[in-house]
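Before anything else, here is the set of structures, which you'll find just below.
Next come two complexes, and both contain subunit A; in the first it sits with subunit B, in the second with subunit C.
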Partner chain A sequence: MTVHNIRVGESKRGDASDGTLAESVGGRLSRVDGPAKITGAARYAVEQQLEGLAHAVLVESTIASGKVRAIDAATAEASPGVLRVLTPDTIISLRTASDWFGTPPPDKPYCPLARDITFCGQHVAAVVAETFEQAVAAAALVKVSYDETPSIVDLDDGKAGDGIPIDAMTKEWGDAPAAFAAAPVRICAAYNTPREYQAPMEPHGLIARWEGEHLTVWEPSQWLDGMARTYAEWFAVPFGNVRLVSPYIGGGFGSKALALSHGAVAARAAKMLGRPVKLVMTRPQTFTGYGGRAATRQTVTIGTDREGVIQSIVHRGVNETSVDGMWVEPLGSVTSIMYATPNFSSKQNVVRVNSVVPGAMRAPGENPSAFGIESAIDELAYEIGIDPLEIRLKNYAEQDPHTRKAWSTRQLREAFAAGAERFGWARRSPKPRSMRDGNQLIGWGVAAGTYPVRRAYGEAVVRILADGSVEVESSSIDMGQGTYTILAQTAAETVGVRADDVVVKLGDSRFARAGVAGGSRLAGVMTGAVSKAATSALDQLVGLAISDPRSPFHALQANTLVVANGRIGSPRGDGPDVSIAELLKSVGRDRIEATGDTMPANSTAEDRYKNYTTIAMALPHTEGDYSRYSWCAHFIEVRVDEDFGTVRVSRVVSALDSGRLYNPKLAESQWKGGIIMGIGQALLEEGIMDRRHGRIVNNNLADYLVPTNADIPDIEVISVGIPDPHSSALGGKGVGELGIVGVAPAIANAVFHATGKRVRDLPITLEKLI
Partner chain B sequence: MTKIPVHLDINGQHHELQLEPRVTLLDALRERLGLTGTKKGCDHGQCGACTVHMDGERVLACLTLAAQAEGRAITTIEGLAREGELHPVQAAFLDQDAFQCGYCTPGQIMSAVACIREGHAGSDEEIREYMAGNLCRCGAYPHIVAAVRQAAQEFAS
Partner chain C sequence: MRDFSYLRATSTDAARRAAALPGAMLLAGGTTLIDLAKCGVAEPETLVDITHLKGLDRIAVDERGATIGALAKMGHVADHADIKSRFPAISETLWQAASAQIRNMATIGGNLMQRTRCPYFRDPSNFSACNKREPGSGCSAIGGVTRGHAVLGTSEACIAMYPGDLATALVAFDAVVHLGERKLLVDDFFLLPATTPDREHAIEPGEMITAIEIPGSAAARRSTYLKIRDRQSYEFAAASAAVGIEVEADGRTIRDLRVALGGVATRPWRARAVEDALRGKVLEPETVRAASLLAVEGAVDHGANHYKIELAPRVVARAILKLGETA
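This part shows the complex of A and B:
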């Protein structure tokens, strides 16, 4: 059976310049969840209005290492409105849950309030009261005393040591040290990135409500089924007893994928009190309640011949992790694939410090990795005396240098060309400090970025309803990437209805299961699943129309029918032409329902559970014959005040290869968002530690500087992608994380071009330039 | 803490509440009145997500006690659209894709309406400066500038 493109009237929302209908896949349809968000009607997770809601506020450790000696909660308990003060002694423990790989946990209790303190800001108590104000006031009255022990503040702490080698991160081919020693041109430099924070505008929090042994959690979540699994294991109830609800998410950037200890506290408090409990972190608590990006250190050494052709790359990396948790930020990820080299060596250690365990933040690994290699290659260009763009093309990797597999698609050369053309790169004066405007030194920098195409199996339910509308259900989520919109486009195009007639329901773990919205994989996974489910629903619809004796098409003896714009007809245009609603009525059906999933055919129920609640079944991006990545090139202009050393980004042109774009309007927004976060990383963002107490001193949005509107110029993005059939069902690659990768080195390279000073330690603040 | 009567005029509707004097306008809106369109991002006046209008001027609801709002006309994002018609700033935000996650958006829109009314939307530079008090971590800034420009031009014509 065939499906023809939908034919809709001129869309109010505008069409793409290439003629793609706004409502089709690839069209520039405006966000379908937009009207709810711009009118205040969109109700985020913790905004549910529940009867009998109690409010919890956390109390956190004020030392970085030691033991809680005692907690005096008497005054707090006597405070007006207080229902309960929970401490490590009074909270009922939970069971330890498995990790995100699904590794069976040790059979031991889990207490989400700490007695043993391993970082400053650890949850040690919680106050539950009738009102938020009462809980806040009483939390300030909880007195905690400690036996303090020495702590390791960060990577620069003299006690930190060299850390633990992570053998799984080692990548080597050829003889890199020997080739480096023999190379006529050699550079070696160290590159540092500080602790950075996701800082989504919506703070983490939740409402937990028990009804018997059934738990409902309204919580912003990048992964409902993964979090539901954790809650189920913590409370030793069946997975099906836990319902996660997360209709809208106020930003995540990697930080909202896992159930965290504050969630355990709130859910336990709700159980103990027999009332729904709401707990929202304060903004300062969001800096220690979960991990930001780990601070990193890298050394990059490159040896080339006299023309700048790379002979050897030796890379060593270190990232911080916590005292009792493990986080590896893969620092060699871009180093090992960006340029062709016959000899390569990358190794990595992690160092334990008294911090919350670091976590995923937009392009974990690729982001700091690119800062190292893309700064180093720029240094090499000056060393050899050739253009920074030329050295990149000279060492262009025609295949994956690590796996030696063909790229599925790599439009990086096209990205360099399109970006350079639009930016006017050819007019660049090569010498540092050679371009200026009054007392402003002008610098132009370039850097490349990449992010692997992470893939997984997906599932969706598509229904065609009696009124001819189409409903899509999935427990996947939309935190601003546009999931609601692109799935409406996918279903509309596949079934043959208008996007206006599609309702997409997401963010409820009762819907068809979904894996994590992380690693830029969700769009590719879910468009594939919805397309499959919608095709199956369409097949059923057309099958009914052809075969049901009550159908007006029954006498037509047709092999197939065409559904377009919500109407069914024959391909030749003869015979009846009826609406979907009329057809369903004629055959006595009130709906058609299809579940589509992209799991292998012989998958068991256990496989499915594992696929959606862990990351153990994710498909490697180098599986089979191809190596799959998204690519980009950033061209950035900075203006540096010669007297004050202040750096302003004044122009950005980025060309990006994310394969086919399901909705360019929304993809461009995500790319720009990544670039803007990259500008923050390059110039502003840094967690500053108090060395006496191991505290983050700038744990708020006035002191941890994220870009404001006044920091950001207009940004031009150019899509150079082509459909990549090896990366996803509909040809897209990753969008969300790609944009940030390479921005910080492009800015550092521009700053060098402007000032002649190479800053290898982010962020590039004025004291490093004067 | 003793509760006091507080009379609030929100989006043209009168509300009588019994509140502790320490309750902020933001928590009164979100926790007592079910008006959750106004967002809490930092509770310290640092992010702008809670921007509402008080007698037509933009204020941060997290730094305003509910009691201070008595006798003043409060407008929140829920009160911006009239009879189902989007306010031109709302329509421009949708057109320009001036948001992603949507959490800062009500505050951005309330700020933008005031920014135009204040006469501070004359150029992109001016818009950037006068919209700089509203953080957007998704990084929709260039599109926010475009939306404010579009709406300002609509008002001017």
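This part shows the complex of A and C:
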């Protein structure tokens, strides 16, 4: 059994070129989990070696709509090594679990294998065998027959209709249609984004083991406590009986926050067989076993005066959802806050199609929303005949146009200025097709991005151990974004030890509870909780040193002491100077332990449970007097081959405001990761559907294209943030989702500048330009 | 579980004999075969591993030409100094193919035999109709997702694109494939789908590719491979051209020209009409562009792959003009 135990000292230190000590908050400490991952020592969830492990393989529907008529499992059952073939008839049902808001579920059974088929690739059966190979071979022998019914494959399907209005998404002020009609300059255009996939390197999978009524699940997870709750509810066992272990996560991008039906199948199979069961999705199954980003359609109409000052924005959006699930991709989220406008209207519908229910993927909502408004504002710049940067500044929102609250911090003007300066925007020749290098048309585009600061309460345990080292525990996770590292930095700085002397333990639901690692909230929540816990541990330590009669400081009668580099001394340096270990020894203690909990003091046990296992208690980003967002501006150069239509990004300069950075090195790599993903979204990524069958046919990483190194130029990122006290305890805002927002429109805008062709339909593939 | 036997061949003859048995397949680098076995397309009963055979990985180059053993690795051939200087197009097809990891595993023999990337061909559990896999079962691609399918050399039975890069250059330079004693032009080795798309190569049971031979020529020495694709690396061609040129002493009149297309046809596609139209002509952009349109004579699209008909002649023209600039 491995628990994550990461010692900072095992990794190389980052440099501290900005003057901050690498190991304190704000320093450029390198990822402490890096060496384990690079050397292969990191053991991922499904790599656990367990006695008696059986292997499950899923069988999926090959039609998009209809009913399973019959499943002939006889041959599969008789195949070598097969322990059980589970079908909707033979699997023991579970109980329906609540959703991620904690809404009490209907009291009805839940069967993770489907009889009623609502999309192609739905799990209909599973084969459990002694070995993986036996399970794969037998799964191919399961014969499923169907009664097929007509399907609605996508938003373009004639039968799709207008969908269901989502009133909660409606945002309106002023009289937008009338103001639009009266505006002297008007533009209106439709923008589409396709189905996209998170495509994490590590596919989804788990190992489930029952010991009596206690379930342990090793599974990559962005949210241990939320997933543990779902498993507990499925099997009607107490929450405390479920333990989720998620040592390392090979990428999630939003797709690993919830317990999914394959998890239910594996955990049920383990219970039925009385053996631990491992189930890992194949790469093609990761395209249908859970949802990627929903396909979206938006129309953006903007009316301005002759100088380009916006009078009205009317926005309509549609996203797809599944036949029996609900996913809303909030398409008006950026539209409603990016620019000042006296009149505004945004509405959204969702359309049911025969697809798996779509899910969260890096900056859900903000990402496609920005593609609409940030393309439209660019179109407007050309319509008016002013610089695309100028039109953005001209309509700069000095306060949140929707809530009319002050921004907590909005360094977007600074981002435009810093990015433009570094990029050399002033040298841009305004006309489309006016810059070239041989056969390459060159285009420069700009777009802004934003993401709300999602806040929540957090909890952490900090211990000061007998040897003077510090231990941090939390059931939060690190999927590469740097939780281990920044929590080590936080604890080191707060207690006054070297980061080398901090051990951070994450990824086990037995540790202090944590909410979801999603929506860029975890760093703000956890640094707050750890600094609180560490402060209280430090107070205890200093308290002991001052008051315990056995302490060498007792005689000093000081009211405080200083702890630095693992040593304790008086503020003026007179008197004793001892290590933490020596002090603990002298006072006869083997540890000091403190829990940091940022929940309001009067919170009940029920509140706490809800806070960590649902998203219902998240604090609104517009709570109180402020509206809290991260901001960014991307400046991008593309080269478009005039004959071939191929687009290559040749330069990116992005300036970002994520508030205070806990570790600039890690923040920069997160931003860059987002920008790279945005390049993929702009130019390559698209689930390609066979519309006759409702099946995604490019369901593998050779055909679903994500960028390679050769597609990515040097990316320069500039931090323009300032500490934002309204957003988090230590002043940071969100980092992870922000970078991708605005990249696709910046590229589309650059492509227009290069070619004079406006592509409003992602991805921008070569046939759209030749 | 599907059991299969594994046999390590000790000689070329033994390999050929073993591979002639029903259900047996040669295994070289495995980058196509293992992949297809995982998709459920290849179901070998016996794998005859030829990677330990001695002497089949030799690369010999002189004025007369190059002979490359069937087991030479794509990566080695791409980096070979004499191949780079005498047959630049061959090296370029290889280093622009697949990924570094695959090139280090994959062999030249296996490369010629790689199969189409048609998604319907590769997904038997969802699409039972595929004439290439199951003769007479129909073609799932026609009427479906066709963005990557061929526009040249198609038939009603199959429109699958031949995805390889190397063979495109091989047909341009009249390379010969050695099947032991028997030798045949690479251009004759690849078959059109016609009514038998399951039969892709003129290779008989019991035969094995032992080497390829590329005659040296002035055109091969001044050659290039231009590969256009959505992604800059690790992707098959949307359209590509292998081109070689020899000019007269005036430096402008075309004496010899070789043109072959990749990424657009059901097999590597020699564009003789372009060669004939330009031979004896002065190398000029207008002339070259006009003649390049002949590359897609007779092309038929299936909707989403229409762009290939536009793209291919532009790729050919660019490649020829690029070589012309180096005159």
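In this text, the second predicted complex is superposed on the first by the 756 of 770 C-alpha atoms of A that agree within 3 Å, B and C clash if a C-alpha of one lies under 4 Å from a C-alpha of the other, contacts with A are read in each partner's own complex, and residues count from 1 in each chain.
Keep this in mind: a residue touches a chain if its C-beta (ideal position, glycine included) is under 8 Å from a C-beta of that chain, and two chains touch if they have at least 3 such contacts.
Because the structure is predicted, anything quoted here is derived from the model rather than measured.
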Inset, instruction - For A:80, select first, second, both or neither according to whether it touches subunit B, subunit C, the two together, or no partner. - result: both
Inset, instruction - Using the superposition on chain A described above, determine whether A:433 touches subunit B (first), subunit C (second), both, or neither. - result: neither
Inset, instruction - Mind working out whether A:480 is in touch with subunit B, subunit C, both or neither, as first, second, both or neither? - result: first
Inset, instruction - In the three-chain superposition, say which chain, subunit B or subunit C, touches more residues of subunit A. - result: B
Inset, instruction - Classify the contacts of A:757 with the two partner chains as first (subunit B alone), second (subunit C alone), both, or neither. - result: neither
Inset, instruction - Tell me which partner A:690 touches in the superposition: subunit B (first), subunit C (second), both or neither. - result: second
Inset, instruction - Have a look at where A:585 lands relative to subunit B and subunit C in the superposition and call it first, second, both or neither. - result: neither
Inset, instruction - With the two complexes superposed on chain A, say which partner A:186 touches: subunit B (first), subunit C (second), both, or neither. - result: neither
Inset, instruction - Figure out whether A:708 sits in contact with subunit B (first) or subunit C (second), or with both, or with neither. - result: both
Legend entry - Touching partner for A:143 - first (subunit B), second (subunit C), both, neither: neither
Inset, instruction - Mind sorting out which residues of subunit A both subunit B and subunit C touch, each in its own complex? - result: 80, 131, 133, 702, 707-711
Inset, instruction - Show which residues of subunit A lie in contact with subunit B when the two form their complex. - result: 30-31, 33-44, 47, 49, 80, 131-133, 198-203, 248-251, 253, 280, 282-283, 479-482, 665-666, 668-670, 672-677, 700-702, 706-715
Legend entry - Touching residues on subunit A, where the partner in the complex is subunit C: 62, 79-81, 120, 131, 133-134, 136-138, 140, 284, 439, 641, 643-646, 648, 683-684, 688-690, 692-693, 695, 697-698, 702-703, 705, 707-711, 765-767, 770
Inset, instruction - Spell out the part of subunit B that touches subunit A in their complex, as residue ranges. - result: 1, 20, 22-23, 27, 30-31, 34-44, 46-47, 49, 76-78, 80-81, 86, 90, 93-95, 97, 99-106, 109, 124, 127-129, 131-145
Legend entry - For the subunit C and subunit A complex, residues of the former touching the latter: 1-2, 40, 117, 119-120, 123, 125-127, 143-145, 147, 228-235, 238, 306-307, 310-311, 314-315, 317-318
